[in-house]
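Presented sequentially are two complexes of chain A, the first with chain B as partner and the second with chain C.
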Partner chain A sequence: MSDNEEDIIEGSDEEGEAMTASEVLQKLEEAWITERMSPTLEKHQSELVDCMLDQINQMSENLKRCKKYDFRLAIHKMEIDRIRYVLSSYLRVRLEKIERFAHHLLEKQTNLSNEDLSILSPQEAAYAKDYASSLEAHFQNLVLQHVPENLRTFDRGKMSVKPNLDSYVFLKVKQATPGVLLEDDTGEGRDEEVDFKEGSQYLMRYKPIMELLQSGAVTLI
Partner chain B sequence: MDSIEIEFLAEKAPVTIVPNFTHDKLYLISGDVGPFTAGLPVDIPLWLGINLRQRGKCRLVAPEWMDVEKLTEIKEEEKQSKVFTQMPCEHYLIVTQLLLSSAPEDIPNAQQIKTLVKDIWDLRISKLRSSVAEFIESEGTHATLDRLTLLEINSVRPFLPHAFDQLHRISKSAHGSNLSQTTQDIQY
Partner chain C sequence: MLSEKALELIKELDRSKDGKLPAFNEDIIRKVLEEMNTLFQQNQRDVGEAAAGEIRYFPSIHLRHAALDRNKRCLLSYLYNRLERIRTMRWEFGSILPADIRANLCEPEIQWFNRYNKNLASYMRSLGEAGGLDLTQDTKPPKNLYVEVRCLRDYGEWEVEEGDTVVLQKDTTHYLPLAACHHLIRQGVLEQVE
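And then the complex of A and B:
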């Protein structure tokens, strides 16, 4: 098992830096909390998920070679369980959102110019499509085919539920960012500017900080 | 967020233990721990510390701030100060509860510490409640929550952000903006 010490995983960030397993885990945990707290679906982090899955599979393989009463066994198993908990909670909360916003997300997906910008991972996109079409088939079978013909049309646009980007969220600043503009969209013309200091915590609307969240300057808490 | 999830996060905090066994370094995915030498203190994650303690493999050492004198000081400061003071540990309440429930005999003056930490928590929560009321009356658009710990923030969730969602919705529609599109909030 000692070979894990040197495990360096190809990084998923733009600079192409290699990350250690513990850094990947740290990032995954951040992504998990952010996803838990965000009113909308964040960009998928398949690289982090796949990397951690590899890590725990590899570790489980290693553990099989361990003696049954090895002192390390229980500890490593416990750690695997903890990581698995984060992973499944993360994926589950994404699936919940995908089901809720299925039509909206699919619409966004078809308007994409570049695959890399996709919020959904390929598997998630397939899931969303399946979900939307089974929902539609279900409505057809259950009700629509039994009602008069002029009422049978099914308008996806009307079914679509959008996330409320005006939701208030708690956030923590990771990189100081001066002059964050909080636009006032209530028409009172009270735009405000806030200087984000590193380590500060705020409660504010999601929309103005959406980009900072994507760039990693802030995280949700 | 569930308080269980916050407890999960708090369990990553480091704790000092004195092991009664000797073992090489452990190469965990989340980082290396050890080596363990019987009788020599070593820092490990709290979840591991509690597990080892339950298996009778170590003694837990109270963190530096978990001390009657220090906590009394913090409590006084919190009482005097109008704003929130900096806590010695992000998860002070959870760490105290976890340590005291798994190894009360390892922590000197456990009972007093429990009361002090609870007092500090109560002081801060009542401060938080009154500032929430003040904040809503001030009709601000955002709030600064420096030095509040995660569990404290969670105590006003989902009520506070949700109240703001509604306030925002009202002021938006009062100014004639169109809200025809269905949006849905997710509440935690």
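And then the complex of A and C:
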């Protein structure tokens, strides 16, 4: 398949690191699986998304120019469909999480010191703001206006939904990491230290491995 | 019993989980708000006396305050739950709601729906550089490029991408590319044959 890709695509590497189209797709698929399995919103990958969208558009253009060699045309169309599905699904999952955790995410966003640490892409941040304010306006309009004075405020702290960082996830270890500290949740002080061997798979709570996930030492499966 | 009416609202939503969205129950909401105002006024009266040092009013003030909080919580969750269902409908039906569902929404909910539409549309447009990506398509992984479809209604002539026209008469079957007839399937003109 990658031969056919190189065949029709002209100039596929646009980014500074010059990744090939298939590498971008690979990374996008990983991000897609992680996003679906994770209980919280992961960091945005808008460069991958933009790059892939560009690729799809380019491929569609090239296909239009090609003559009707049914076989190759059909295969490339299927590839485009598959990539578009992965992209759509990835962005949809993110939108769902943004809508569910809107207030919580916006609060985190305003407390950020550095733009690069943002989990939301700029478009997603704008979407989240508008969604949150439309919710508040709706509540205000229908209920809070008519309620006695001392209850009129929309208490954001109480109303926000926080992601459950203690939910269990399956993970696979990519880089061996000795001494991962697992805090005991029954509060009896039985903290465990586990050595992660490369290639092994675990089922555990999301919270202890959150940072390892971000550094790339483990992946969710 | 205090807060009974508010619980009715929640029960109404709970009963209709699988079916359609029930009509916006303005009546009960008004009654709940009335109850809240009455409780609040009663509390105001008693707080005056309690501040003067009469301890025996404290429990009733607390009770009324708890009932007020509960009412507010029920109302807000009723509204929020309805909004969630409306949002699901946007993803199912597209940006125009069928008339019978629209009849069950109150005016602010319709406005919220329009605003949500606009927000979603401008987000989808901003993806990538060339006009964006429609996220409401491609909800299932693509299996085949071509699908076998049967016509449910007379639709007349339909032109496929490559330039061939197909006559869509009732009960005829065709083998068409999925991308072309996807929205006809959603509208109900064509039906996929397994």
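One rule holds for everything that comes next: the second predicted complex is superposed on the first by the 200 of 221 C-alpha atoms of A that agree within 3 Å, B and C clash if a C-alpha of one lies under 4 Å from a C-alpha of the other, contacts with A are read in each partner's own complex, and residues count from 1 in each chain.
Criterion: a residue touches a chain if its C-beta (ideal position, glycine included) is under 8 Å from a C-beta of that chain, and two chains touch if they have at least 3 such contacts.
Worth saying up front: this structure is predicted, and the values here are computed from it rather than measured.
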Superposed partners chain B and chain C on chain A - clash or fit: fit
Which superposed partner A:167 touches (first chain B, second chain C, both, neither): first
Which of chain B and chain C A:78 touches, first, second, both or neither: both
Which of chain B and chain C A:59 touches, first, second, both or neither: first
Which of chain B and chain C A:147 touches, first, second, both or neither: second
First, second, both or neither for A:87, with chain B first and chain C second: second
Partner contacting more residues of chain A (chain B vs chain C): B
Partner chain in contact with A:202 - chain B first, chain C second, else both or neither: first
First, second, both or neither for A:193, with chain B first and chain C second: neither
Partner chain in contact with A:99 - chain B first, chain C second, else both or neither: second
Distance of closest approach, chain C and chain B, by C-alpha atoms in Å: 7
Chain C-contacting residues of chain A that also contact chain B: 74, 78, 82, 85, 89
Interface residues, chain B side, partner chain A - complex: 1, 5, 8-9, 21, 23, 26-32, 47-48, 51, 141-146, 148, 150, 153, 157, 160-162, 164-165, 168-169, 171-172, 174-177, 181-186, 188
Partner chain B, residues of chain A touching it in the complex: 1-2, 4-5, 21-22, 25, 29, 33, 36-37, 39, 52, 55-56, 59, 71-72, 74-76, 78-80, 82-83, 85, 89, 97, 100, 160-164, 166-170, 182, 184-188, 190, 192, 194, 199-205, 221
Partner chain A, residues of chain C touching it in the complex: 29, 33, 36-37, 40, 68-69, 72, 75-76, 79-80, 83, 87, 106, 108-109, 112, 115-116, 119-120, 123, 126-130, 133, 135, 137-142, 145, 162, 178-179
Contact set on chain A toward chain C in their complex: 49-50, 53-54, 57, 68, 74, 77-78, 81-82, 84-85, 87-89, 91-92, 95, 99, 123-124, 126-127, 130-131, 134-135, 138-139, 141-143, 146-148, 150-151, 159
